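Here's the structure, in structure tokens; my notes come after.
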Amino acid sequence: MSELTHFDAAGNAIMVDVTEKKCTERIAIACGSIAMNQETFDTVRNRTAKKGDVLGVARVAGIMAAKRTWELIPMCHPLMLTKCTIDFELDEKLFKIKAIATTKVTGQTGVEMEALTAATTTLLTIYDMCKAMDRSMEISEIHLMKKDGGKSGLFERS
Amino acid sequence: MSELTHFDAAGNAIMVDVTEKKCTERIAIACGSIAMNQETFDTVRNRTAKKGDVLGVARVAGIMAAKRTWELIPMCHPLMLTKCTIDFELDEKLFKIKAIATTKVTGQTGVEMEALTAATTTLLTIYDMCKAMDRSMEISEIHLMKKDGGKSGLFERS
Amino acid sequence: MSELTHFDAAGNAIMVDVTEKKCTERIAIACGSIAMNQETFDTVRNRTAKKGDVLGVARVAGIMAAKRTWELIPMCHPLMLTKCTIDFELDEKLFKIKAIATTKVTGQTGVEMEALTAATTTLLTIYDMCKAMDRSMEISEIHLMKKDGGKSGLFERS
Amino acid sequence: MSELTHFDAAGNAIMVDVTEKKCTERIAIACGSIAMNQETFDTVRNRTAKKGDVLGVARVAGIMAAKRTWELIPMCHPLMLTKCTIDFELDEKLFKIKAIATTKVTGQTGVEMEALTAATTTLLTIYDMCKAMDRSMEISEIHLMKKDGGKSGLFERS
Amino acid sequence: MSELTHFDAAGNAIMVDVTEKKCTERIAIACGSIAMNQETFDTVRNRTAKKGDVLGVARVAGIMAAKRTWELIPMCHPLMLTKCTIDFELDEKLFKIKAIATTKVTGQTGVEMEALTAATTTLLTIYDMCKAMDRSMEISEIHLMKKDGGKSGLFERS
Amino acid sequence: MSELTHFDAAGNAIMVDVTEKKCTERIAIACGSIAMNQETFDTVRNRTAKKGDVLGVARVAGIMAAKRTWELIPMCHPLMLTKCTIDFELDEKLFKIKAIATTKVTGQTGVEMEALTAATTTLLTIYDMCKAMDRSMEISEIHLMKKDGGKSGLFERS
């Protein structure tokens, strides 16, 4: 049963012992997208340039959620994020908004769950603020883009 | 600027006033999927029947996150969930696990964000517990399946 | 599998559906004790009358924890406590401090977990504040003393 | 010792029993100000109209804190806010920013602590975001402007 | 008043200054038991081998609570757990379940409160999930079994 | 736009990258005051010497809030406080209570927001516990008194 590191030999869930792991600089980048109808997309895009900034509120939510990842994901270790940013890319043809979260830490465990949680919460907040206009929005393509630092080294995926 | 209900006339984000809304029984069902490689999928599936239960841990995480939705999503109203369940469907051909969250409340606002947050956190927890085997897992198809109760009435989408 | 109400027919953990339950006034009283050596007991007792009040700090911790019970206990429903008090009884012969927590709510579920969590957190806080004097303290006899309101009616145990 | 309602007859802190109180519509408005040097004030003001919106971030923080008031203030009852808004007034002569928080609930206790916590957290967030420019900023004039609903009725202060 | 380290010379509660303490590897093991009637005990034991796993849910709750110890116990320092596990021992004669929590950290303070909080929350969760079958369950024998690391060195108690 | 460090070049709010900053010992002292009518002031003062200790409860609230500063202030980094104390000064002529919070950490960012949040929450708790006697209390003069450690060095203000 050694494949799943979050369980002991008897199959019990554990918060893995990382006491002996080296404290190194670690980075993770994760992203995800939300697709909406054209009217909603246009409303969000037009407002980012002025007041009523949906993406501004969603960014704050994503950053705040990143810091609380270990409260939400049961076997995640608590860690002290040293950086969190959220960037957006707007796909004007497919009416999709992509959220890209970057997280860093100097610690004993990686920050990929923090990046994934930040991206996801950002997208859920966009959903919440736009749901009165479009209840059929769909969140998808949530994945890890890059991870570096620690024993497993560099991982990259476009 | 009336389309986006989470902003006032001046474009400031607000937690909408629902004081006058009726207290009714409300339900929401939301889902999402995580795709993984065959080896990881088989490991998760085989363990659900015995010890080392990835889906069991993920279900607990999803239910606990549902209750804290209003802490994560800035403009969500606090509410007292009266039900939350998480069900899984395993797609043996595409190596995907679908999480379906059902939430209920008797209150003044809907519970779709709670269902979406529950489904999403469930999937993020699966990612966390399996990431040592497969870092390329992707979470997608997160959407509202059904919503009922309140002024806007029934919404359904397969 | 009907005996354990926190699981569905398939054995999955659930937050039970209480949507249809009546909103009634409910009360619970729970208690527990911490035993310590005489020197520590005397120090705590002497300070309750003046500054350096261990029991005063522990009481605040217990009341604050009661409000967060549903964040800690996975299948607990969120609820809005309408009362929480912590009382102490000092056993001068056995060097034990008993914490008694009373909780009330007008709601669809009982508040026994809130009373138990309040009593327990109170005792853990006493442990924390006294552990430099006595690491062998023991917390015991945590149980529900009384419960009333709701379908199951009155329960009492001395 | 009847003057301080948050203590029992023996002087122990309590979360007051409100089980018997009527469920009524309640509103509170509270405010506070932060004074800064002219350069910082001008920077904040100029950015509210475009990107880099200090006040937008502070507003989100204030609304989120309002919902968690009962986690911070020990004897506060948990309650389900039905409205929270934050408005700003800029004093161009004194280089002060005033934050005004409005909170509502239909419940058994008032929402003045929620309004005060919202206003205060909003101002602390402005401090945080501007402290690299001016460490001598001062937060003051935090008070309740209006309160209505419940047994004690209307309170107003300019 | 030097015996109780969590108070200053004037008797005021303080979060002790540990800034100067060495960062060392620390471990703590704590346990506690819950006694129940035979029918409930048999139900819990029989389910641990299959679906409807009470102990699996309780273990997740205990691990998650360990990470939030400093939020619950007022004078506890925040720290970044590097390990948390929960093991169970079933006493088939006395119908008791013993929960044993092990916590580790590399830090300036010990992790005994984390181990005690983990064990206690695990037991409270068992109570919650079984209370429909037996309201007279009792939690007891909560104590520190072992502590090592830091200036005070090794402590052991069976 | 370089003046406000909490925004990137495009004006997006960010949690600043401190990964490269040195881990140094940092201290901050912040204070604030609450003014009340004479009767309320006398009640609070007389009780601090015995049971019914308003300031004791407020101190606990302040210390607990300090640890959660990064949950409340969106762009604050999580950090592990190594010290937090709250002291009071009573102004018998102006009927004001001053709360002084001292915080320390060995880390990559300063602790001034923690000190300010601790002082503010302490004052809000005093407000809460006295509001039945005086709804016109005002909190003011919240400012940083001292800060040391880190690149920006010593800051002092009386």
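To keep things simple, chains are lettered A, B, C, D, E and F as they appear, and every chain counts its residues starting from 1.
One rule holds for everything that comes next: a contact is a pair of C-beta atoms (placed from the backbone, for glycine too) under 8 Å apart; a residue touches a chain by one contact, two chains touch by 3 or more.
If you're wondering where the values come from, they're calculated on a predicted model, not measured in any experiment.
The chains that touch chain C as well as chain E are B, F. Mean C-alpha position of chain E lies 31 Å from that of chain F. Chain B and chain F, compared by their mean Cα positions, are separated by 37 Å.
Shared interface positions of chain E, i.e. residues touching 2 or more other chains, are given as 12-13, 50, 53, 56-57, 60-61, 64, 68, 74-75, 79-80. Viewed as a contact network, the protein chains fit none of the simple shapes, being neither a path, a ring, a star nor fully connected. Applying the touch criterion to all chain pairs gives A-B, A-D, A-E, A-F, B-C, B-D, B-E, C-D, C-E, C-F, D-F, E-F. Within the complex formed with chain E, the residues of chain C that make contact are 1, 3-7, 10-13, 32, 39, 43, 47, 50-54, 57, 60-61, 64-65, 68, 72-76, 112-113, 116-117, 120-121, 124-125, 127-133, 135-144, 147, 155, 157. Chain F meets chain A in the complex at residues 8, 12-19, 21, 70-71, 74-75, 77-80, 107-108. Chain C contributes residues 25, 56, 59-60, 63-64, 66-68, 79-87, 104-106 to its touches with chain D in the complex.
By the touch rule above, chain E contacts chain B in their complex via residues 49-50, 53, 56-57, 60-61, 64.
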